[in-house]
Amino acid sequence: DTIKVGVVGPFSGSAALQGRNFQAGIEAWFALNGKTVGDHEIEIIYRDLPAADPAQSAALTQELVVGEGVQYLAGYYYTPDAMAAAPILEEANVPMVVFNAATSAIVNASPYVVRTSFTTWQTSTPMAAVARERGINKIITVVSDYGPGTDSETAFIKAFTDQGGEIVQSIRMPMSTTDFSPIMQRIKDSGAEAVFAFLPAGPQTLGFMQSYVENGLKESGVALLAPGDLTQESDLGALGPNAEGMLTTFHYAVSHDSPENKAFVEAATGWLGNANELSFPAVGAFDGMHVIAHMIEATGGEQDAAAAVESVKGLEWVSPRGPVSINPENRHITQNIYLREVAKEGESWINKEIQTFENQGDPGWVAP
Amino acid sequence: MSAAKLEITELTAGYGQTRILEGISLSVPAAGRTAVLGRNGVGKSTLFATIAGQTRRYGGQILMDGQDLTAMDGSARARAGLGFVPQNRAIFKSLTVEENLFAGLKERPRGDIEEAYAMFPRLKERRRNMGGQLSGGEQQMLTTARTILGRPRLLLLDEPLEGLAPVICDELMAAFTELASTGRMTVLLVEQRLKAAFDFADHVVILERGKVVWTGTPGDLQEDPETVNRLLGVGH
Amino acid sequence: MSLFEVRNLSKKFGGLNVTNDVSISLNPGDRIALIGPNGAGKTTFVNLVTGHIRPDAGVVMIAGQDVTRLSPRARVHAGLVRSFQVTRLFPEMSPEEHVAMAILQRMGKVEKAFGDYRSMPEVMAETAEILGILNLTPIARSRVSGIAYGQQRLLEIGLAMALRPKVLLLDEPAAGVPSSDTVLIERALDRLPPDLAVLMIEHDMDFVFRFAQRVVVLAAGTVIFDGTPAQVAADPQVREAYLGSYAE
Amino acid sequence: MSNDAKTMTIWQRGLRSDLIACLLIGLIAVICFYAMPSGLSLLTRIIAIMLLVLSIDLVTGYGGVATLGHAALFGAGAYAAGIAAAKFGITDPLLMLLIGTIAGAIAGFLSSLVILRGHGLSQLVLSIAVIMLAREAANKFSTWTGGSDGLSGIAPSPLLGMWRFDLWGKTSYWLAVILLLVVFLILRQIVRSPFGMLVKAIRQDPIRVSAMGAPVYWTLVKMYVISGAVAGLGGALSAVATKVVGLDALSFELSAEAVVMLVLGGTANLFGAMIGTTVFIWFEHLVSSVNPFHWLTIVGVLLVTVVLFAPRGLTGIADQLRDKFGKGGAK
Amino acid sequence: MQTILSIGADALAYGMVLFVISIGLSVTMGLMKVVNLAHGAFAMIGGYVASYVTQQMGLHFAVGTVAAVLFCVVLAFPMERLLFRRIYGAPELIQVLMTIGITFIIIGIANWLMGPTLKTIALPDSLRGPVDIGFRTIAAHKIFAAAVGGAVALGLWYLIERTSFGIKLRASVDDTAMAGALGIRTKIVYSVSFAIAIGLAALGGVVGAQLLPIEPYYALHYMVTFLVVVSVGGAGSIPGALVACLLLGAVKTTGSYLWPEFGNFFFYLAVIAIVSVFPNGLMGRAK
């Protein structure tokens, strides 16, 4: 029989690239593992949610469950969209596997939420140790003024001050900022030795990196540290030399050196058609499919959300990003976080892994 | 540049689905002075607007010196020598008086707008003002002057005296008569003030419900108070 | 005390003295014409009086009340109503709706959010009467955008009538109306309450002389003459500045 | 008097046609209920947005106020209802709707004070500024609003203690349908009333209206308050039905999209707002489920086509047909 | 002091870039009375063309810029003929509907042809480095953008206010039928003006690409910004648009230096304040 999986993501709109990466991850998983689990065939039903729009997310999710009869829900790029869908899960008896949305609290919204991506806390925290190891004492934080930005700021400040560092200033800049020169001026004036920055992956990062260089910060040795959203592989081509040498911490780099990743990248770029478009949401989707397949197997194709979620608690496997497991307590993925450096390899720019923080949980999670 | 002959045959026209003109035929010789009269809403303005190419034409022909105007748009007709002073004045509100006049110059040099100032000294005083700020009568002067600057061979005047002080009316009608009688323009005039119209015209056409119902000379008409009363409704 | 009084009204546009120390007063029942060359400042005078433009100096009084600082709307409530030189109507509405709305406004019911004017017999009756006087009944329910200009001018008068003002200012009510229909306007004006004061701007001298008991002549912003029609017609200065051949 | 009898029938005829329209809408609602039991959530959402679009019709279609910031009123209703439920434990759905309506009306009042200061283009820009400031504020006060993560934890109690807001969304759907009918009937009354006529007149020539002695500014403010109440109700309905409120409820995008729906349907007759919303969202949904990757292009083609072939909106097509077949008459 | 000067320089540069990108819109919106929400889409097309020419074909920036402007101008004629001509004089909301539709279509096509990723335009070395302006350094491309802005402002002002083409354009917009009746070729005047506006959009897209990077949603992302600066300046007024851009640029730059956490608060407050005081924009054309 056929088991339907409803995937909600941004397949159009300004985050369409990330939606495509969801799809690439799913297709890569099919390419490597086939479309069947036992004698159950998996059918994916896509629903487009171009921007954070919880009302629409609830409507689409409900329609997937009631109308299409999906047994699994997956995807969800933005936090509010996942939050809006979560209240439906118990009544619908459907588990939800979050491919991306990165706020710690999502897993608390329903016991049927499992997450295979990362949280902003998880990727931001290790950067504090990196900075301390490099002898940096004074840091200024600069983040986009929205949920993930403030999460990232809080996570970093906590870790950095715990390790004895000093935060000289914290700047939150509006999402719509296009001219970063005044911000760079602030950074200069603050006397910090380094900047910790968080910006969502996308067009803004280009202007930010460029301003950083043009305002002479790079030249004067003020290091730029950030979670990997700022240097996602699909933007690196444009960021180019401006980003060279920049340090980021993240759960996945396309350049990760492992047989699992080679196979994954090959399958995913094969589907995408353009190697430059591959980015981190694909691996969240790929591993999400792994989790869903495991659930299908464990429940024998029956619709039993409780049993399905129970079956993956503590599940361990080797993902393209490295060894991972599902934390039984909060159903969030435990994984390595890598320190990477932007470098040129041949003709293209990559995030080169130079250090590993193993088995990182979500430091931002608080038990409800 | 000399006056043009106008010939209209079986013209029907209107706005959208509504027909207003129901088959109008008339001809005006070069340098003729024709007054088009009729009660409110009979289609006088519509006739002029149709000649100028601004309404929807359903059928019929308009020839100016033998040249068929119907195939041309409004702008081409103007360049062929047609001048139209509409009833609503159509001042360019956001242009200054001077710029309004420039817009009417066609290809003539800018210095020639002095002609207009000579005709209406009042406009020269107000030349830096926006068209929209002018008084009603000043706007009327401006629209007439603007069209005359383009040296049309055939001039359509739709109630050019509306809102003008009596003393200016006299001067203006004298100027129109001069333009026609020296053979420079053929003039068609719609005017509510019958006296002015009769003094000016050598020929009168009366419309009713989109049709020509009477033609003749002003003299004929003045001798026929019954017709005047019936068709123009004067003197109840 | 006069019903309506303007004292020392002045206004400049840039360097131009459009209204220059003008004083005029009207008593109940007055029928006054304001004439003068184009650009003399007649329309501006009306705009100043109705509050559409702020004067530089001067006072406007209605029935003893100083309205100089009031909004145009408040002046209407004080009894001062005007018509416009270029018709200003609501193109998508019918003559009936126009008049009904003015009546409702006068009755203070125009802001009622429930009900329909067509179910108010007193409004309907008065509307029908006014439209009847102006010969507009046949087109009472057509859109104003499609009716002839002359009829629009008549409707302007109808609106003013519906408001039952104490003082009525008419800016060229007959412009664009053929001589045949000026009769309708005159008829409408005749039907106005006798204690109403009317000030009319008009270039049609036949009409002016039939209508006015008194004529005020404005030139370059200044009142140059104030007298009976016969006196005006005889005044050489007015003849030269304004009347031209008409006086003959 | 015979006149009396005649005018009574005019009034009755108006009411009767409204009731027939209501019956028709109700009938369509029943058909939709059985035809797409799985799409109730979507239908509820359509109705919530419809309320927003109706409310824009009041100020834009009737009053001629140019606005691209109307979602501020919708968002005010949504957040007020959501905050009442999530932070103050007011979970009775009807109470939440009431709170949303009041908040919308207040927001309408406040934003009208800003927006009515301009005309045309500058008005448009003021309205954009309003929505941007509202969004900025909601983002800033994230302890109350949840910021960009959205306000969750809204759990409305059963309607009248009897009907739960369940997975299938039946309760929300019928609640939405009833609200829509009530709002529709009230608005029909308002737009036909002298007040409605005055608002239409203001759109055509505000100076003339003030020369008649009728208030312009305060009339529009009043209309804005009514409009705000309707939009706020829509927002609150959305909060009750989806149990989450996001910043998108306060976005320029939502405002602009709602205006597009209105123009698509046709302005100033209420039906246009309803038809436009339904067609736009339904079309968007249809195209995006058939091809989630290129639907934007197709929606663009729809909009351009409508302007080229039905410039008065979809309800304008009906008028055009009526004109063509000569049943013209009054109006 | 140092800081103030520095902020001033940033504000000036930012304001001028805004000006270059949005001035074309001031022409369509203020002079041609078309609320062209697709303005950004044309800027984006310009950006894509320049990116393609400089990156894929490896040609010089100047070639890329010229190619971008030409491409858009050539594109403008058929688009004006087939689409925009239908909405001249239509109610604003209809124009909004049509131009948003066009924007959607262009976005869809851009996404399909160029892919969803960011595109950059290769700058020549002369525009790449920082330039020392005494008290600080500033990116050369910003100075370039400011210079282009100044040149465009002057040229356009002259064209509109002083030439007979400008008078014809303004007359045509004011009353198309009457302009035609005076012998003005209104259709040609409209097409040419539209093409100029679109050419300016393309130029702005290219010159401003360092600040507003080229990607498929460019047109939607910056739509509001363009609308706001044009209206605050007074649509159709070149000096007005310039002043508005500089003023709003200064507000935004200062705001994001001093109180970045308040985001766009000050920007939009300033907009409200200015528009409330000048309802036709800073130097709006009298109605």
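List of remarks:
A, B, C, D and E label the chains in the order they appear, each numbered from 1.
Here is the rule we go by: contacts are C-beta pairs under 8 Å (C-beta built on N, C-alpha and C of every residue); 3 or more make two chains touch, one makes a residue touch a chain.
Since we're looking at a predicted model, the values are computed, not measured.
The minimal number of chain-to-chain contact steps leading from chain A to chain C is 2. Common neighbours of chain A and chain B under the contact definition above: E. Centroid distances built from C-alpha atoms place A farthest away from chain B. In whole angstrom, the spacing between the mean C-alpha positions of chain B and chain E is 43. Each chain gets one centre point, the mean of its Cα atoms, and the points for chain C and chain E are 47 Å apart. Here the spacing of chain A and chain D, counted between their Cα centres, is 37 Å. If you average the CA atoms of chain D and of chain E, the two centres end up 33 Å from each other. Contact of a single residue of chain B with at least two other chains is seen at positions 133.
Shown for chain C are the residues that touch two or more other chains, of which there are none.
Counting partner chains per residue, chain D shows two or more touched chains at residues 136, 139, 294, 296. The complete set of chain-chain contacts reads A-D, A-E, B-C, B-E, C-D, D-E.
Chain contact summary for the complex, chain D toward chain A: residues 36-42, 44-45, 48, 136, 139, 142, 146-150, 152, 155, 166-169, 238, 241-249, 253, 288-289, 292-296. Against chain A, in their complex, chain E makes its touches with residues 3, 6-7, 10, 13-14, 111, 115-120, 130, 137-139, 210-213, 215-218, 220-222, 252-254, 256-257, 260-261, 263-264. Residue ranges on chain C touching chain D, taken from their complex, read 50, 52, 71-73, 76-77, 81-82, 84, 88-94, 97, 100-102, 104-106, 109-121, 124-125, 141-143, 159, 163. Note for the complex: chain C touches chain B at residues 13, 36-40, 42-44, 85-86, 146-151, 172, 175-181, 183, 203-205, 240-246. Put simply, chain B touches chain E in their complex at residues 52-54, 73-75, 77-79, 82-84, 86, 90-95, 99-100, 102-104, 106, 130, 132-133, 146-147, 150.
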